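Questions regarding the structure given below will be posed in turn.
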Amino acid sequence: MQKVKVAVLGGSGYTAVELIKLLLRHPGAEIAAVTSRQAEHVADLHPSLLGRLDLQCEPFDPDALKAKGVQVAFGCLPHGTSMESIPPLLDRGIRVIDLSADYRLRDATVYQEWYKETHHDAENLAHAVYGLPEVYGDTLAGARLIANPGCYPQTAILGLAPLVANKLIELSGIVIDSKSGVSGAGRTPKLTTHFPECNESVSAYSVGTHRHTPEIEQALGDIAGAAVSVIFTPHLMPMDRGIFSTIYATPTKPVSEAELTALYRGYFAGKPFVRVRTAPPATKDTTGTNFLDVCVKVVRGKVLVLAAEDNLIRGASGVAVQNFNRVFGFPETTGLL
Amino acid sequence: MQKVKVAVLGGSGYTAVELIKLLLRHPGAEIAAVTSRQAEHVADLHPSLLGRLDLQCEPFDPDALKAKGVQVAFGCLPHGTSMESIPPLLDRGIRVIDLSADYRLRDATVYQEWYKETHHDAENLAHAVYGLPEVYGDTLAGARLIANPGCYPQTAILGLAPLVANKLIELSGIVIDSKSGVSGAGRTPKLTTHFPECNESVSAYSVGTHRHTPEIEQALGDIAGAAVSVIFTPHLMPMDRGIFSTIYATPTKPVSEAELTALYRGYFAGKPFVRVRTAPPATKDTTGTNFLDVCVKVVRGKVLVLAAEDNLIRGASGVAVQNFNRVFGFPETTGLL
Amino acid sequence: MQKVKVAVLGGSGYTAVELIKLLLRHPGAEIAAVTSRQAEHVADLHPSLLGRLDLQCEPFDPDALKAKGVQVAFGCLPHGTSMESIPPLLDRGIRVIDLSADYRLRDATVYQEWYKETHHDAENLAHAVYGLPEVYGDTLAGARLIANPGCYPQTAILGLAPLVANKLIELSGIVIDSKSGVSGAGRTPKLTTHFPECNESVSAYSVGTHRHTPEIEQALGDIAGAAVSVIFTPHLMPMDRGIFSTIYATPTKPVSEAELTALYRGYFAGKPFVRVRTAPPATKDTTGTNFLDVCVKVVRGKVLVLAAEDNLIRGASGVAVQNFNRVFGFPETTGLL
Amino acid sequence: MQKVKVAVLGGSGYTAVELIKLLLRHPGAEIAAVTSRQAEHVADLHPSLLGRLDLQCEPFDPDALKAKGVQVAFGCLPHGTSMESIPPLLDRGIRVIDLSADYRLRDATVYQEWYKETHHDAENLAHAVYGLPEVYGDTLAGARLIANPGCYPQTAILGLAPLVANKLIELSGIVIDSKSGVSGAGRTPKLTTHFPECNESVSAYSVGTHRHTPEIEQALGDIAGAAVSVIFTPHLMPMDRGIFSTIYATPTKPVSEAELTALYRGYFAGKPFVRVRTAPPATKDTTGTNFLDVCVKVVRGKVLVLAAEDNLIRGASGVAVQNFNRVFGFPETTGLL
């Protein structure tokens, strides 16, 4: 198998190191470059990579990446920075799978409203593809720019997709109560993620203002063919990784748990990374994997969906590799099982 | 100050040891007896008590407790066992503050439905008082049998009390999404609470079937003067203690966050253990205390209530001492600040 | 009881908030001032203090503290800063219990060697008293400047005191392997204490270079009446608080575990905060308390001492209150049980 | 590549599930059977295996395993049970890699002394091979019965091998202070591993009596060509997985850190799973991998070795696969990177 040459942009964070580990196991990928402002050896940034990847990080330079034959770059840069770095890569014919939020929202004014920044790259935004393979799979083969989906949104979108696709729930007032491990907050030290502050504690944050809200609504709106409105509340959990979303929706007609479970099994048939379960999942069942576990319940006339994933794998780097497989024609599970 | 002689029944669990620690600091209480099937020294059951309480546990014997002059017994026994042990104490004139669920539900058929056991003590159930001082405070002075409230219910009841008392929200379909530390599951080892199983993981349990549901509905119904129906979903968090409840309700008319916060401050004025905050609380702010922190938000037309407490103190042993203070006429905060 | 007016200097950190909580419960102390560069309400710095202490932090001003009638200041400032702030307080007749390292090492050149800073206050250093009540108790009554001991050193010094006092072990090559919770690193966010870095991980740090080494040796040298030399290795544990030290020493003559346990019980008789145990302690047994638990074992000819404490209480703020009690003539356990 | 048919015996525990995950990724292995007294689907025992291995557990039956063409069985049974189950497999020509302790100690009387059980299988014990590839690699190719090494011993043996092989340290009185995550205690719920007991706590256990002591001494004795005696103290850490050993030895002559590091690099050259580092490792750097990280320091005349590993992978299931690779002639790192 001819290996695809890949670059990882922004090598110092958690999604980058997870991505590197996945790519090292992928039979069709060769890591040609890792960029970072800290021009250190990757094993100095991430001691876990010692003995696994012998590579010096390099400054971001589109021409240098092109000269190395890089065919696709995985963007692990912060939002805002991403839309500065990605256009020159696309100009040079390098495909991009962007793990930031910069190309997820189709409408630049919505981006501006939630991210409080002007979008500078309307041109590429126009043909970016939202990389949630279970929903937008047909659009991914050969895509030039993929906006990798957010961690929380995947639990909400996949958790609700069978319901909204079949018009089984009311499309406004959907409650999404999400619980995330601390790695979701990134690798930059802050007081809120300082161990003695967040350990042994649970709290809610960004109540009513979290930026993943419009991303969830955009994708569910696509599936429903109508506007969807959610109340999304993220919470910080004292653990490294994992997202658990508990979703509360109002059915449009009486449904049974058995019917809904059958519906979910049908909807996700042939989608190897979504596991439909009848018992509530635990995030630990998905740790280190690209699986998203989902369970649907009916309680006192409400439909409850319980969805769990590893926020760094399924929620970021794993689905990025899944997208890579789609773009380059590898079987979907390559390197991910 | 003449000290009240107290007994702790069922001394081996977590609520018992927390209660003992609180009582040791209470200027008006003297621990006259701790009962346990394991007739060991309390410091063998709980090494943290070494050097603090030099007492041998004794088998449960109502006459022996009476002979020691015990005036009030705190019941830390499992439900079912409690209603066997408590009648002989009441018969001997010993007051009881029962931390189990046995006397919380006014209607014995509701008890049977949720706890899958027949209630054997209808007589005492008839005059048990529900020990949530902020709501039922007037009934506590001199009470003979107090049913100490459940851990989850307190966050839900106090979190919603100002809203339902003022008819500001719809009374059915209230969503209560609760997150609890593992100590809430008790001290008996089980696979689900084995460290490597529940550490670094979040999951939901007893979805739609948790026994605290009718307790929440009974108290909110009292406050509302009308039937209340809730969807209550408990989750297990990888931490020792703390409960965080995120509550979603539908207002009956438009309200602002500022109005609601003012309403809450008014409702809880003079109630020293409820702290109304404008920022979301963290369970850690309440750890080791009898405080229940509450914050009310309006998000896209829904009212959100965020409530946090220490499940062992406020959720069990602390509120038991608060009830003790009410029963015996001590200032409400005695031994609790 | 006439209350002593106290100030807490450097109110934003973990030792300060623990100290404030202890002082609020102390019947003989009144918190007259909390200083901080952040001139916020104490409950904004520490939400856990909401409803417990209604006080605005103020900038450090010795004259203002004097004007308020402050009789003693607890220093929770970083080392280096402490020795700038403390002399003006002493000059105004305000006693100081300093939780920093600035007055612990009698010899300023040793300070300079380990702390890489010049000591500027030789004058006060000369009459500072090392505040380890179980060893230096006689010197504390009425002391003007107390150097509160370090967290690690207390486990080592008290753990070894009976052995070195009785010349039962060789005085060089003593191995002290210590494990600490993350709060010992303070409240300033750093990568090493960022939750996803240190959670679920154990590592050693400052191997051979930790600043508590000379402090341990100084006190043990005092007890032995001869030079003592130790190999001290601290480790970071994924938990909030607690220190566990495992100490390995070579006996100078054959001894039995029973003899040593009896020796320890004798040595610590009348010292209410040291609990001699025959089973290995767990740090959790001491959490939230001023107890230091110690157990001595003989294994294959070596003497092992296992010592556990809460690093923020016994290791810092609790022993500071114990020192306060000694200075002002309160019973030693006042406010600490 | 012709796949080797393997069986996993005792499928319900942690080492079994880790082994299954590794074998699923191994290109040369096919899982033909998993045995368990609980005859459930593997995904019911371990929900994380859902969608990855569709296999019903079966009762242990040597003939059935033979009939399925099983070539090698991985024993994940408790000690004692292992030596009952393994002989019939060997009799049928099925090789065994045993993760229990039953065939590790060459001398059955030493086994009896430490494990308090009589050894019933002297015959097979006589030609069992100790499966630590970095030390006993030459003996592994084609071995019929491999005693997979213990988790703690590997950190001690590999951490000290270069020193004892070169007679650089005294062979008695070596102190091995080890810290382990809770998964090392197995999957059977006990009070000591109940989450609220061991979370947020550190303690020592089996002080002077841990069964890995003679295993460490046997292997180090082999390397030294002389008797070795150690003081081994294990501690329980509040984390899922990871072992960190801090080892203190007395050099027989003055050595520098640089010399020792060079010695270690030489000793482990060509051994892909031992990473020699100059900074202290953290267990997290090794989590989920078969790496053992080691760092050597000189502190005040003592030699300190810091060694870290994942107790379930390197400490058990990963090294079992490494042994499998050796036995069947696969490259050593197959399926492990």
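Each chain gets a letter, A, B, C and D, in the order it is written, and its residues are counted from 1.
The rule is short, and it goes like this: a contact is a pair of C-beta atoms (placed from the backbone, for glycine too) under 8 Å apart; a residue touches a chain by one contact, two chains touch by 3 or more.
Here's who's who by UniProt: A, B, C, D = N-acetyl-gamma-glutamyl-phosphate reductase.
Note that this is a predicted model, so its numbers are computed, not measured.
J.: Shared touching chains for chain B and chain C?
T.: In this structure, the chains that contact chain C and also chain B are A, D.
J.: Between B-D and A-B, name the chain pair that shares the greater number of C-beta pairs in contact.
T.: A-B is joined by more C-beta pairs in contact.
J.: Computing the C-alpha centre of each chain, which chain sits at the greatest distance from chain D?
T.: B
J.: Centroid from C-alpha atoms only, then distance chain B to chain D, rounded to Å. What do you get?
T.: 46
J.: Please tell me the distance, in whole Å, between the geometric centres of chain A and chain B computed from their C-alpha atoms.
T.: Averaging C-alpha atoms per chain gives centres 40 Å apart.
J.: Among the residues of chain B, pick out those that touch two or more other chains and give their numbers.
T.: 181, 197, 199-200, 238-241, 281-282, 284, 287
J.: Tell me, which parts of chain A touch chain C in their complex?
T.: 14, 181-183, 187-191, 193-200, 238-241
J.: Chain A touches which residues of chain B in the complex?
T.: Going by the criterion above, the answer is residues 173, 175, 177, 179, 181, 197, 199-205, 207-208, 229, 231, 233, 235, 237-242, 244, 246, 248, 250, 280-284, 287, 297-302, 304, 306, 308.
J.: Which stretch or stretches of chain A touch chain D in the complex?
T.: That would be residues 24-25, 47-48, 50-52, 200, 272, 275, 277, 279, 281-282, 284-289, 291, 293, 337 of chain A.
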